[in-house]
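Look for subunit A in each of the two complexes below; its partner is subunit B in the first and subunit C in the second.
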Partner chain A sequence: MKEVILDCFGEACPIPLVKAQNKIKELEIGDILIVQIDHSCAMKNVPDWAREDGHNVEVEEIDDGEWEVIIEKVK
Partner chain B sequence: MGDTEKIETVTGRSARGSSRRKPKNSQLPYAIVLIALVGALSWFLDQRDNGTFWLLLTGLAFGYILQRSRFCFTASMRDPYLTGSTTVTRAVLVAFAITTIGFTAIKYGYFINGLPIPGMSYVVPISFATIAGAILFGIGMVIAGGCASGTLMRFGEGFQMQFLSLIFFIIGSLWGAHDFGWWKYHFISKGKSIFLPDYFGWLGAVVLQLFIIFLLYIAAEKYQEVKSNH
Partner chain C sequence: MAREKTVEHYDVIIIGGGPAGLTAAIYAGRARLKTILIEKALIGGLATYTNEVENYPGFPDSPKGEDITNLMKAQAQKMGVKIKLTDVKSVDLVGEEKKVETFRNTFVGKTVVITTGGRPRITKAENEENYLFDKGISFCATCDAAANTDKTVVVIGSGDAAIEEGMFLTKFAKKVIVSVLHHEGKMDCNEIAKEAALKNPKMEFIWNSAVKRFEGEGHLDTVVLRNIKTDEEIPVKCDNCFEFIGYLPNTEIFKEQIKMTGAGYILTNEKMETNIEGVFAAGDVRDKWLKQVATAVGDGAIAGFAAEKYIAESEAFHDVILQKDKPGLTFIYNAVAAESIDFLLEIEKIENHFEGSIIVNRVDIYKSSGIADRLNVGEFPAVVLTVDGMVKERYIGHLDSVKIIENLEKICDTCH
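Moving on, here comes the complex of A and B:
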């Protein structure tokens, strides 16, 4: 089980989402993908997509206007 | 403070992120100063031009709601394709339905009192220019990461890349305004302008428009169902 950090600071929506979608395909079940974002729009569509896809998702605000979306690949 | 602890104990694995978390200073003083400044500005503007205060207030309320709700017109058109989610699309459709009723009520109010109907200059001809413009705008807003309101809102939020979008948004708008006469004369005025109440009556126009929005809403819901089962 590994933990992968995807640095998407400074990238506007939908780039973080597309990167996360591509990255999660490379991961194995049980791996954790941490998407770091600072675009408020991505804060909505990244978790939405991941939940819709059936993964476990958590969002954490690590600083003012900076978030980590923690996605556990479950399928 | 309490929040930080809770998150750590609940998730366990988030400790790495939380340890980097800086202690948060209260932003309340900034908020109070900002509100005071905005208040002073609106008072000053209102002295010169009556009604500016309400325009500013409406603008601020709109921006606040846009930011807090993460409402995004770009996402409403892009996410169905990208993620299969139409939640934002449906939110926009609901907003359209509400504004349909609101705007019609305002216009009808002027109409029955025999006053000139406000906002009629926005009833512009439709033609292939509309479609071409819509496609260009669509491509542009996805690349720029926001439409007009979205760009302004995220610039206010402090997202630096959007600052660049804003500069080119202004340049583009000025350029567009500069050449608009030519486009209007050669392309736009060739179309036919349609004001629905002229064709279907006031009630008919509202019902028709709401019905179309309702159909789009159903279509959006079905789309998401199909996409998520895929």
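Moving on, here comes the complex of A and C:
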């Protein structure tokens, strides 16, 4: 089980979402993808997509206006 | 193999980040309690689905719901509340250590405040699941109105939310067709909204109707309504459909533990206490009459305050009533009952008799029955003897000071 960090700081929608969707395909079940974002729209569409896909999701505000979306691949 | 979870301890764990949860967080944080608020999606709850909040006192300019809840969030964070955005998977609420599980953590709390609110109800018409959210069926005009500029939309429902959000949609859409279950002229919303809606030239009404099915290639393009009196089908071409037919409480994970109504709303008393000690519920999730931001805030304040009182009482119970230094005598009485007051003098005699070799506590149940409940005492006056923090003897009802002294002497003999 590994953790992969995807740096999407400074990137606007939908780039973080597309990158996250591509990256998770490379991961194994149980792996964790951490998507780092600072655009508030990605703060909604990245977790929404991951939840809808059935993964475990947690969003952490690491600084003012910077978030980490932590996704555990479950299927 | 499951990943190892990090365990964190808190005084107060709040589940749900709408106005009720945020207010409970502000009160708990201000009482210097270590507080965490867990929200599954975005802070603000259903209030963020409302574009104009006109009846929340103190905000005369009709702000967006989100603007108000963002201020509440900032206020909670200023009080030192930690906010975690993730889903609660399960809870174990019975006992003094309450456990709340997320996928990466186990949170252990002295108290839990449930403010999980509700979610939109759906029509359960044919094919509905194929078009939910981004495929044509929305529950949030605020979120999706702008995307419907110059389009035709169907609104299902005639309550306050349906009509007010429908009117908001007319600022963008070219036509808003409202399906109303009742006969012509009857709606569930307030009279002011109804009058304005009937006058709005962009609004059309289809009376006596309900949704039969949804149709479209990939994306919704037709809502097929049904006249509930004649059963005749009424296909309505549209670009999107908005459903505003009420909410369902988010209480699935609390079933089997917390007492609820048949519809799943949590039962509380006026102190927001549920059937489990140390577990409170506030806001839309509880069974109550009026669900508004203003009433959620009131509930949240009570729940935050009640959690603080509960923790203070727990500490008093463990540190004072169940002290381990000396044999203890706790007199539980009702200060407005003559029998109780008479025995207070006897208690003083017992205390003097033992000259400081026992610790005597007097608990007046007039303010709170919490300590009596913890000692399993339901009638007053009562005397409870403790040794090493354990209950040794209970005397309830007709108290006999001679017998109590005899028993205490035996206890004292064995501990010296």
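By our rule, the second predicted complex is superposed on the first by the 75 of 75 C-alpha atoms of A that agree within 3 Å, B and C clash if a C-alpha of one lies under 4 Å from a C-alpha of the other, contacts with A are read in each partner's own complex, and residues count from 1 in each chain.
Quick note on the criterion: a contact is a pair of C-beta atoms (placed from the backbone, for glycine too) under 8 Å apart; a residue touches a chain by one contact, two chains touch by 3 or more.
Remember, it's a predicted structure, so these values are computed and weren't measured experimentally.
> Putting subunit B and subunit C on the same copy of subunit A, do they fit or clash?
Aligned on subunit A, subunit C clashes with subunit B.
> Counting only touches as set out at the top, which of subunit B and subunit C does A:30 meet: first, second, both, neither?
In the superposed model, A:30 contacts subunit C only, not subunit B.
> On subunit A, which partner's contacts cover more residues, subunit B's or subunit C's?
Comparing touch counts on subunit A for subunit B and subunit C gives B.
> Between subunit B (first) and subunit C (second), which does A:60 come into contact with in this model arrangement: first, second, both, or neither?
Both: A:60 reaches subunit B and subunit C.
> A:41 contacts which: subunit B (first), subunit C (second), both, neither?
first
> Have a look at where A:1 lands relative to subunit B and subunit C in the superposition and call it first, second, both or neither.
second
> Identify the partner contact of A:70: answer first if only subunit B is touched, second if only subunit C is, both if each is, neither if none is.
Both partners.
> Based on the superposed arrangement, let me know which partner A:12 touches: subunit B (first), subunit C (second), both, or neither?
A:12: touches subunit B, not subunit C.
> Would you mind checking which of 116-124, 152-160 or 206-214 on subunit B runs into subunit C after superposing?
After superposing on chain A, the clashing stretch of subunit B is 206-214.
> Under the contact rule defined above, give the subunit A residues that sit at the interface with subunit B and also at the interface with subunit C.
On subunit A, the overlap between the subunit B and subunit C contacts is residues 43-44, 48, 58, 60, 70.
> Hey, which residues of subunit C end up touching subunit A in the complex?
1, 3, 41-42, 83-87, 102-104
> Going by the contact rule set out above, which residues of subunit B touch subunit A in the complex?
Those in contact with subunit A are residues 7, 11, 13-14, 17-18, 20-22, 24, 27, 67, 70, 72, 74-75, 78-79, 82-85, 87-88, 142, 144-146, 150, 154, 157-162, 228.
> Could you list, by residue number, the parts of subunit A that touch subunit B in their complex?
Those residues of subunit A that touch subunit B are 10-14, 17-18, 32, 34, 38-41, 43-45, 48-49, 52, 58, 60, 62-65, 68, 70.
> What residues on subunit A touch subunit C, complex-wise?
On the subunit A side, the touching residues are 1, 30, 43-44, 47-48, 51, 56-61, 70, 72.
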